[in-house]
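Paired with chain B in one complex and with chain C in the other, chain A is shared by the two complexes that follow.
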Partner chain A sequence: METILFPAVDLGVIAPMFTIFTWASVLLLVDVFLIPSDSKRFTGYLALAGVLATGIVTLMIQVGRAVGPGTSIPSFSGMVVLDSFGLTITWIFLIIAAITIAISINYLPQHNIELGEFYPLILFATGGMILLGQSTNLIMIFLGIELLSITLYILTAFFYPRFTSEEAGMKYLLLGAFAAGFFVYGIALIYGGAGTVDLLEIGAFIAAQPAVVPGVLPSPEVSLVMIGGGLVLVAFGFKVALVPFHMWTPDVYEGSPTPVAAFMSVGTKGAAFSALLRVLLIGLPGLQVFWVPVLGALAAVTMIVGNIGALQQTNVKRMLAYSSIGHAGYILLGIMAANERGTEGFLFYILAYALANLGAFAVLIALEKRGEMAWSLDDFAGLWRRQPMLALAMAIFMISLAGVHPPQAFLASSWSLRRRGKVGRGRWC
Partner chain B sequence: MLQDYVPILVMFLMSLFVPLFVITLSALLGPRRSTKRKLAPYESGMDPIGPAMRRFPVKFYVVAMLFILFDIETIFFFPYALVFRELGLYGLGVMGVFLVLLVVGFVYEWKKGALRWE
Partner chain C sequence: MVPISYYIMLSAALFTLGVLGVLIRRNAIVVFMSVELMLNAANLALVAFALQRGGIDGQVLVFFVITVAAAEVAVGLALLVAIFRNKRTADVDEVNQLHG
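What follows is the complex of A and B.
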């Protein structure tokens, strides 16, 4: 009998994901057994504590393993990797999860959809996102996408009796299953060509082949990898709402509970993009001449359609959905750059976009809480007179989403000024 | 190369033969006393003919889903039982994690009342 080789297991590499999944599983049982149905907000606080615990573990790993630029600690036969990119994106996901839970705690009871499962589901989805940020293997990426999507199918349909929410859940489920099919078929073709699903090995395989140039027919194996890569790109396009695959976005955001829409608009996008970044930069850098024009065209169409689509909307949630489509195009530009600056820009953009977009959704929730209908653009008329602080916040977030990032700019400039000791005592410093 | 797949062919032929044999045998030997109930498509009494747009009790789907969940568990457990010794402690740990996750789901559904029929 053949001997079975065991992978070297380094649990430290998956410690953040491990913590959040364990916490979510335990929280699910704690919620069912210990927390009475009229105090489900306590589950929310426990989930926040879980995000905090994951943050502490992440910090311990970051310091304990001295993760900095250039660090790369693979484990589980190279299926996951611990590097500064993965950890940075993990931090962003934890911030997103914490804000989502915080804005849900009051939202859920107000709309009579307060079920304890909401919070463990958010934690599970965040775990899937962290896995996506760390995986260097197509199967692991698929696992991460499914972990994230399956929880989101439930969360989008969480507004149970509301018809649009059911529609949103159904639409997201069908298109998500469709995208998963594309992804698996793509993996199969890549495996057929390269003989591996490991991103590093795929990259080495392509590098070992004669260089591919447009106009010359590549070898059958390389063509298989190319077709597979295209299918994988389609699946990612569905997940991040690039333009030919964006149709579901406005309906799903409109129908699902507002915190879930906020979570999806930044979380899913960030996670899928970080996995796409690894696929393109580690797995398929040898095919750059092919995917750069494709992504360029996709980014251009996405930006145009997203922004023009947003102009026509009268429903605020739909408008934000189109805005998130447009932003997917901008983020794609950072990935296309395919260098260190591009990756830095990608991470910074995800963080800034996440804060601005979550903020905009949070204002919608706050307005709904004060008895305002924050559905249509007309509801915002004269908001400054009724809710000046919320109107100010909304204005800042909208300007931020429009591309001027005042909060970040203010913070950055005030920090650098303070260091020089020249700062005045202005409102923003 | 192709010879490696002969057992699968044998298995295929067997699985074709056994049901055919049983059906033929029961058709030849079995007594036939048909009643109206027995001739209905489903002996359970469900009427399969009617409009498609109607409400179904959701518990059928819940039971079907739970069945699939715990059915898939066996897909992992049977191969594991075969290589139990070779895998040693590592295998035990991995299957332990798997089982703990499964039990978490099971306890959850139990407490939620998904196993109660009424």
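What follows is the complex of A and C.
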């Protein structure tokens, strides 16, 4: 009988998610017992304070542990890691959560769904996203995905008793649970092949085997890992809406409350892609010859179907859903590059995409506030005369989503120019 | 002792049954049951591999999967009840107001 040894734990590594989960749990109780039902907006303000507190803790950890490029502090037997990738993506998630809560505070009472648990649920989902960004173990990735998904099922159906919202929640739940089945079976096969669920150890196991080449049958263990990796990839495809696993996306975005759709479109994508990035680059780099062509084909099909699908829509929420499918294809390219520049591009793209997409949804919410449903493209005709500022903002966000990021392009190009100047190979600097 | 490969074959068969159930059956409760079948097939595979390897990682994951599945079913059944109150049906084909 093996004795169970408790490993040394470093609470600093999980400090950001510890803060946000604690805050969310306490906020649930505070909301029920202390905040009267006609002033639930205070719950929203307290949730914003929670995001701020998490940001302060994250900053303290970042400075206190001197986390920079190359830092990697594992803890809890290597289940989670503190590194600059995890912290950067944590910052992006906190920005997304803060914007979502801010645009919900007025939206909920206007649609008579002002229930206090909305805000703690957003915090729980954000905590799940942070866990996904930091985990280096398949068990933790499974937990993070499920934590994020189960809260999102509830949030999607938050328009109770509106039927379309329940339908959206049901569709999302059935497909999400289906994907979870693939994910767990994939983990089981990887565990069967490699004998471990730790990404670093899986990577070491594959590196120790004879090199895998197409056309030669690999050993049974490596074959198990490959089949398992394929199933895990299918599950991630469902979560981030890659074609052909994208069918739920337009329905779910249309049915769910608009702030939830905004949160889901950028948050789930960022979190699931960052976990996928760790799985592929830490766990399965030895199988690169197999997953690069597969991901390339998926990315190409996703970009084409997403963007052509968006052209046919007359409902703005469905159009944004198809646009988010197309963007999943672009983000996948950053992962496929499988190098440091690709990862940098991935993080930058997630931030730029999050700001543009949240902005577009915020304009939709601002229009809904003025009594228009603003979901049909016809509602946007003549918007410049009625709401010039909103029309201008929508135009900027749409141009951003179309791929011409005016502010980001400026930042990105000046940043990469400066980088070239430092290396000394620059043509312009 | 029963060889490990028997367990794996049984779990693969159960998983396939679960996938087919999700794809073919139209009653939402049966679809849920099929998803549970998929998860439990994975649990069986995990326990069998853990027995073969002599480690505990697989057995630990099984506990997490059971917990998560319970949470998922709690949310799912609540949604199902809400939909049934509205439409008096649990057929996933009749829950189809959203389409492009």
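Just so we're on the same page, the second predicted complex is superposed on the first by the 405 of 429 C-alpha atoms of A that agree within 3 Å, B and C clash if a C-alpha of one lies under 4 Å from a C-alpha of the other, contacts with A are read in each partner's own complex, and residues count from 1 in each chain.
Please note the rule applied: contacts are C-beta pairs under 8 Å (C-beta built on N, C-alpha and C of every residue); 3 or more make two chains touch, one makes a residue touch a chain.
Predicted model, so just to flag it, every value in this text is computed and none were measured.
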| item | value |
| --- | --- |
| Partner chain(s) touched by A:Phe163 [first = chain B, second = chain C, both, neither] | second |
| Partner chain in contact with A:Phe33 - chain B first, chain C second, else both or neither | first |
| Which superposed partner A:Ser25 touches (first chain B, second chain C, both, neither) | first |
| Residue contacts on chain A - larger count, chain B or chain C | C |
| Touching partner for A:Phe6 - first (chain B), second (chain C), both, neither | first |
| Touching partner for A:Ala188 - first (chain B), second (chain C), both, neither | second |
| Touching partner for A:Glu368 - first (chain B), second (chain C), both, neither | neither |
| Which of chain B and chain C A:Glu344 touches, first, second, both or neither | neither |
| First, second, both or neither for A:Asp379, with chain B first and chain C second | neither |
| Footprint overlap on chain A, where chain B in one structure and chain C in the other make contact | 4 |
| Contact set on chain C toward chain A in their complex | 8, 11, 15, 18-19, 22, 28, 31-32, 35, 38-39, 41-43, 45-46, 48-50, 52-53, 55-58, 60-61, 64-65, 68, 71-72, 75-76, 79-80, 82-83, 85-87, 92, 95-100 |
| In the complex, chain B residues that touch chain A | 83, 86-87, 90, 101, 104, 107-108, 111-112 |
| Chain C contact footprint on chain A (complex, rising order) | 2, 4, 138-139, 142-143, 146, 150, 153-154, 157, 160-161, 163-164, 166-171, 173-174, 177-178, 180-182, 184-185, 187-189, 191-192, 195-197, 250-251, 254-255, 312-313, 315, 318 |
| Chain B partner contacts - residues on chain A that touch it in the complex | 1, 3-4, 6, 9, 25, 28-29, 32-33 |
